[in-house]
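Below: one structure in structure tokens.
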Amino acid sequence: MAAPYLSVNNVEVIYDHVILVLKGVSLQVPQGKIVALLGANGAGKSTTLKTISTLLRGERGDVTKGEVQFKGERIDQLTPNELVRRGLSQVMEGRHCFGHLTIEENLLTGAYTRNASRSELKASLEKVYHYFPRLRERRGSQAGYTSGGEQQMCAIGRALMARPSMILLDEPSMGIAPQIVEEIFGIVKDLNSKENVSFLLAEQNTSIALRYADFGYILENGRVVMEGAAADLSCNEDVKEFYLGVSGAGRKSFRDMKFYRRRKRWLA
Amino acid sequence: QPAEQYIALPSYRVGPYAAGGSGFYGGIIDYFNLVNLSGGVNGVKISWEECETEYNPSRGVECYERLKTKNGGATLVEPLSTGVAYGILDRLAVDKIPMTMIGYGRSDAANGKVFPYVFPLITSYWNQAAAMIKYLGDKEGGMAKLKGKKIVHLYHDSAFGKEPLPVLEALSKQYGFELIKIPVTPPGSEQQSQWLQIRQAKPDHVILWGWGSMNAVAIKTAQRNGFPREKILGVWWAGSEEDTVPTGDAAKGYSAMTFNTPGNYPVLDEIRKKLYDAGKGNMADASRIGSVYHMRGVSAAILWVEAIRTAQEKFGKGKRITGEQMRWGLENLNVDEARQKAIGAFGMLPVVKTSCEDHEGSGAVKVQQWDGKKWNAVTPNWIVGDKALTRQLLEESSAAYAAEKKITPACAK
Amino acid sequence: MLYREAGQFKTSYQADGQIFPILQDRIALLALMAVAIVAVPLLASPYALSAILIPFLIFSLAAIGLNILTGYAGQLSLGTAAFMAVGAFASYNFILRIPGLPVLLAFVLGGLSAALVGIAFGLPSLRIRGFYLAAATLATQFFVVWCLTKIPYLTNYSSSGVITAQPIVILGYVFDTPASKYLLVLAVVAVMALLAKNMIRSNVGRSWMAVRDMDVAAEVIGFRLMRTKLLAFAVSSFYCGVAGALYAYAYLGTVEPEAYNLDLSFRILFMIIIGGVGSVLGSFLGAAFIVLLPVMLNIVAHSLALPTSVASNLELMVFGALIIFFLIVEPHGLARLWQIGKEKLRLWPFPH
Amino acid sequence: MLMNFFFEVLIGGLLSGVMYALVAIGFVLIYKASGVFNFAQGAMVYFAALTCVGVMDKLGVSLWIALPITVAVMIVLGLAIERVVLRPLVNQPEITLFMATIGLAFFIEGLAQLMFGAQVRKLELPIEDVPSQYLMDNYNILVSQFDIMAAAVCGLLVTTLALLFSKTKVGRALRAVADDHQAALAVGIPLQRIWAVLWAVAGLVALVAGMLWGARNGVQFALTFVALKALPVLILGGFTSMPGAIVGGLIIGASEKLAEVYIGPIVGGGIEGWFPYVLALLFLLVRPEGLFGEKIIRRI
Amino acid sequence: MQMNEPEAHFGTTPARRETGAVILDLKNISLSFGGVKALTDISFDVRQHEIRAIIGPNGAGKSSMLNVINGVYRPQQGEIVYRGEVRRNMDCHAAAKSGIARTFQNIALFKGMTVLDNIMTGRNLKMTSNFLMQALYWGPARREEIAHRIKAEEIIDFLEIQAIRKTPVGRLPYGLQKRVELGRALAAEPEILLLDEPMAGMNVEEKQDMCRFILDVNDQFGTTIVLIEHDMGVVMDISDRVVVLDYGKKIGDGTPDEVRGNQDVINAYLGVGC
């Protein structure tokens, strides 16, 4: 395995001075790889990503232990702006588009840190529109009025505009129609293989995430409980049952889930 | 440990009126220091404590309550704020602490039978308004000449600005001049429409009944609209350096009422020499000695010290007097010309002689005019307006108050 | 182990719905009330009673009123003092013009008058939001004070536009000492705070909060925006009106309309923001902060023997700086700080 | 004659409106950048004017030397505010930021008076506040030459700022920040730097307003109240719009003067205090975000 | 003691229910915003007791459709027949009153309130005591509050969110918020429940739970459900009939199997290999 491009070492995060959310999480993203961060609701995936991008401060979260390194340098004290400049972008959970700006203006803010010329910007815009034709149609509408999925595309497109070398993606598939989900992961793969962009993606859609990722971490209650190559993980029986929804007998219909199962946890 | 005469000063040195507050309380404290330097009043030193009210009634009440019990109990209080004065009005008789309201507050409080502990010393708004009309009449060449004249009352749209209306209206009826009332919304930082209205009305005189920043704006706006400043006559709260200095030359020719004669006095020289030269002056800027607010403060302090002296004569020389005794002192004040000379303040303020019926003690004022640099008196003598009229209004109004409050008017002993 | 809810199981929803579900809190509150009712009037100096505690309680009441509107219903308002003025002047007129009217009833009528005015000026809130609404509520502030100076009837034709509160007499007993006034104010405030707390934990309170947090969703689940907002304006103004009447009757005595100026509105707003927006406890904490801090600063500044004008200005600076400091420490106000403190205490001695 | 008077009132009102707009611009700047109403703007106006005359006084220098010093002070103040007050409050509720600006207002007021004292001062600009003779002679209309200059300054200021913020990258970033702090940070907008710059610019605008208002009314604490005059302008024009500040100012200025002169006497006068607010309120009922303000998006 | 494990009736295996008469009929609905045509001439109906899914690509107009049904948007054309009553458009409040409840795509919970309070708001239309009674918290008002609290607790138990009942919803992870939102809608005991992507942002296991909840609601209370969802597995498994929208137009309507086979639908939405 290559030297880690991004590494999170044993971080502990507390919200509001009292709510302990991450209890010593460590993970690595090698350069040019796609790493998936999996876990149930509230496991701390988003918190981990926000810790890396230092957006935690705005939510009254504190990193009380541990450190984050990017390209071999500590980044936990930097401003998000500086991180974006260094090539680390985040797509936040829950879209967070600028409601009053049009879709195109939203995308352009994504290029804020680049001192790009007009033509370069245009090229980047074209690329995003190429990925998401729907956005081209809605380019002139205020983002606040667009549909949920359109906003999600806008948020992803906006991050791409910064031409990052590493992207933190928080639930990119949320609210996106199936074929676009495939497309989005296609784009991820594309950027990864063609432009050597690394990804850390928090995703609920485990099957597709593991399909595209190289490596995976499973987070539970603020701890990493399992890690491994994506292929290994998808073969693991527990993962299969709890995250992929397939048990020994193959996929079950949602209609036939009779009982509320008590979740099995790796760590109680 | 010799006894000290303690006086409560709920003052204000920050906020919108800080400029006036620092001058006024500076004058008071300067005079106290001067008195103490020469051994106090028959050996009784004066002590005082300040508390910042920010001109806010609620904080003022807190200050009063805090200060009143200190140092064995306050024997006098002066908040220099109508709102604060009202907030503590009801408490005075209970606490037996007299309050002076020098040149402000309700005019009918001069009736000591209804307001035993309140002293609107020197002069009240009603007497001021009467004196203003008297002055304007004299200027026209006799009160009869006022007939058919137009006088604008440009006022701060608040209780303060409306206070003189009964007097002005009565006099307008009596002398047949037209009274045009134009209110200015506080704080009055914009008066274009008012002055256009004034210009339109072409009045013979404008009474500027303003307070705070409204005054400078009025003068400036008059200039902007080409209205002659000579026709404007301000009240005493519109007649200090604070009101004219910021307007520069615009105020040249503007005149205003005052109850101090501008000029220099031996007592001020003493303050300059003994205090400021020794670095013990209360104000940051020695050039403000003798300014209108400062002199007003010195005058207030002079009257209080005289009240202490008077009371000591009755209740025991060299002894600390109580609030009740102070009340008596204030009610039996007689600062005549001889006394003023002795103090070194001859002519600085009118003769003040109080009684139970008359807590004001004078009602005489002067007119001063701004020459671009300083104020100069334009009336050599003290002017007194129609005191019979104001007395009648005062009786009516205080009687109504007494009825509302269920007070039986009587002189305190 | 002093402050634990562990082991305190609720066996009914009634018990769980209590205002203070934790036993220690209830005991503390009872103790506090006992102190407030018995010990304070006996022990506190007249200064503390009439210059600190009475205004503190009155401001707390006004702050609860504003908190209902701003904190719970989400309508930012800068017209608080105007509603207080309506309450005071209306009470004055009711007592004056209806002989024999009980004082407490006059306060209620004053509050109701304020509520009516509140409803009238609350109407624009149906369309206007946020800082726009806040600025628009200034219309109330200026208009009401203007009316009080312009309509002599309201001040009983007093030449200076000043009213003098009549003595407070209830069932023949005259409330004229600081202690008696304090107890009266305490009773009114305690009862009204309890009522507020009840409203907040019932459906009305939830309707306010729903409208505050997301009005479209609130409408979709069946709350009527107009009724909810106007009710908030009415209840809030009622509280402010009663507070205003107490301010005149139990505190200042003689008041001019100017006593209810914009400055007062702002002070009440500071109280709820510092104390905690959307918290009854916060209203009290905020009132304490805004009433006490300047006094303490004043005392400290004077003990430093600085020149008075320096002291006064320093006071102002420190006051401003402390506001900022507290906001940085806890943007949600003192009430939240208190709550976090309790949560920590609950975990103590384990850090998390 | 009557017509002439009407025009005088109207023109007087429009020019007053310009003075209001001057203050309103400062508010718009901050509101644009953080979605917050800056309560301290009035204090900054006072602080700027007082610093300028204070420096002239204490150092005994001329206006032309004092002015650059004040500019520097205002910039430092802006930077300091960002560093000490705003940075720790990123992504907090608007009302919290609003309260912080209130704390700031107290601090600045205290600081200004502590440094330079509370007395009222005169500030003389090279242009006098007297009716312009030219207009008087040729059109028989009375307009102060000072007001004409103020209008010019204000126009210049608004044009510059409006251009700066309309289509540029910075303008876009500002609107983004006002929408969502977190997201703005996430896309790499240097929120801190932008705030610092804007507060510094707001300080400079406050200086301009302070100089003009101070020359007109004297440099005194009451300058902090001019903010009150700017509020109806803001809600009418829209909190986020530079042109809105100007247009709102003109409308408010003109209509309040006309109302005071023509309606005032009927109802007892002094209606200038609330009339602009009521007028603005009526406008808001039609357009809840003001004339040029950004529409509030409510979509679920 | 009511706060224990879920009541038995929520957990039992349901009998296959019958779908009944048409309860909601949308006729020729058209809706546009300025130039954007969100919905063009759409008609479809919803039968009692059925689970009706709406699918379609992003921006197809699905959420807008729900907004039309419960009166947030007013269509420019078309009419709505609800329980036999013809309406030009709904009004939010009337819709809520007549038994239409919903959840939102971008969670619209009341962020400052606790989970319990959020769910209690769902019962507001069933509360009758006036605010004065509530202020006194006495007699009927108090009994009412407690009665509704019991209902709310039932829902909390049903959704298995007992542990977080006193947590402010703003602090909850996304998936739980969705669940709370469902709880709030359920609290109104609606006749029709409109769900806008209730399973977005959930993993398989959580989706399974959610499906269970939806099916149970449908079975136990006979609640009619209109569901928007992008997870085809879920849609195909649990819905009775599916409407497909694309660019504001209806391109398919029928049982899951019919829709799955529809070439237009495959082209516009499902993509190949589904």
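Just so it is clear, A, B, C, D and E label the chains in written order, and each chain counts residues from 1 on its own.
As a convention for this text, a residue touches a chain if its C-beta (ideal position, glycine included) is under 8 Å from a C-beta of that chain, and two chains touch if they have at least 3 such contacts.
Because the structure is predicted, anything quoted here is derived from the model rather than measured.
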| item | value |
| --- | --- |
| Shortest chain-hopping distance from chain B out to chain E | 2 |
| Chain labels contacting chain D and also chain E | A, C |
| Per-chain CA centroid nearest to the all-protein CA mean | C |
| Centroid comparison with chain A (C-alpha atoms), farthest chain | B |
| Rounded Å distance between chain A and chain D, as computed from the means of their C-alpha atoms | 43 |
| Chain C-chain D separation of Cα centroids, rounded to whole Å | 32 |
| Rounded Å distance, chain A centre to chain B centre (Cα mean) | 73 |
| Centre distance in Å when chain A and chain C are each reduced to the mean of their C-alpha atoms | 46 |
| For chain E, residues that touch 2 or more chains besides their own | 72, 104-106, 108 |
| Touching two or more other chains - residues of chain C | 142, 146, 149, 214, 216-217, 220, 309, 313, 315-316, 331 |
| Chain A residues counted as touching two or more neighbouring chains | 145 |
| Contacting residues of chain C [partner chain D, same complex] | 76, 124, 127-132, 134-136, 138-139, 142-143, 145-146, 149-150, 214-217, 220, 262, 266, 270, 273-274, 277, 309-310, 313-324, 327-328, 331-332 |
| Chain A - residues contacting chain C, complex | 14, 16-18, 20, 60 |
| Chain B - residues contacting chain D, complex | 13-19, 21-23, 157, 181-187, 189-190, 192-194, 196-197, 200, 212-213, 216-217, 220, 223-226, 241-243, 245-248, 250, 284-285, 288 |
| Sites on chain D touched by chain A in the complex | 90-91, 169, 172-173, 175-176, 178-193, 294-295, 297, 299 |
| Contact set on chain B toward chain C in their complex | 11-14, 18, 22, 25, 49-52, 56-59, 61-62, 64-66, 68-69, 82-83, 86-87, 89-91, 94, 106-108, 157-160, 162-163, 165-166, 185-186, 282, 284, 393, 397, 400-401, 404-406 |
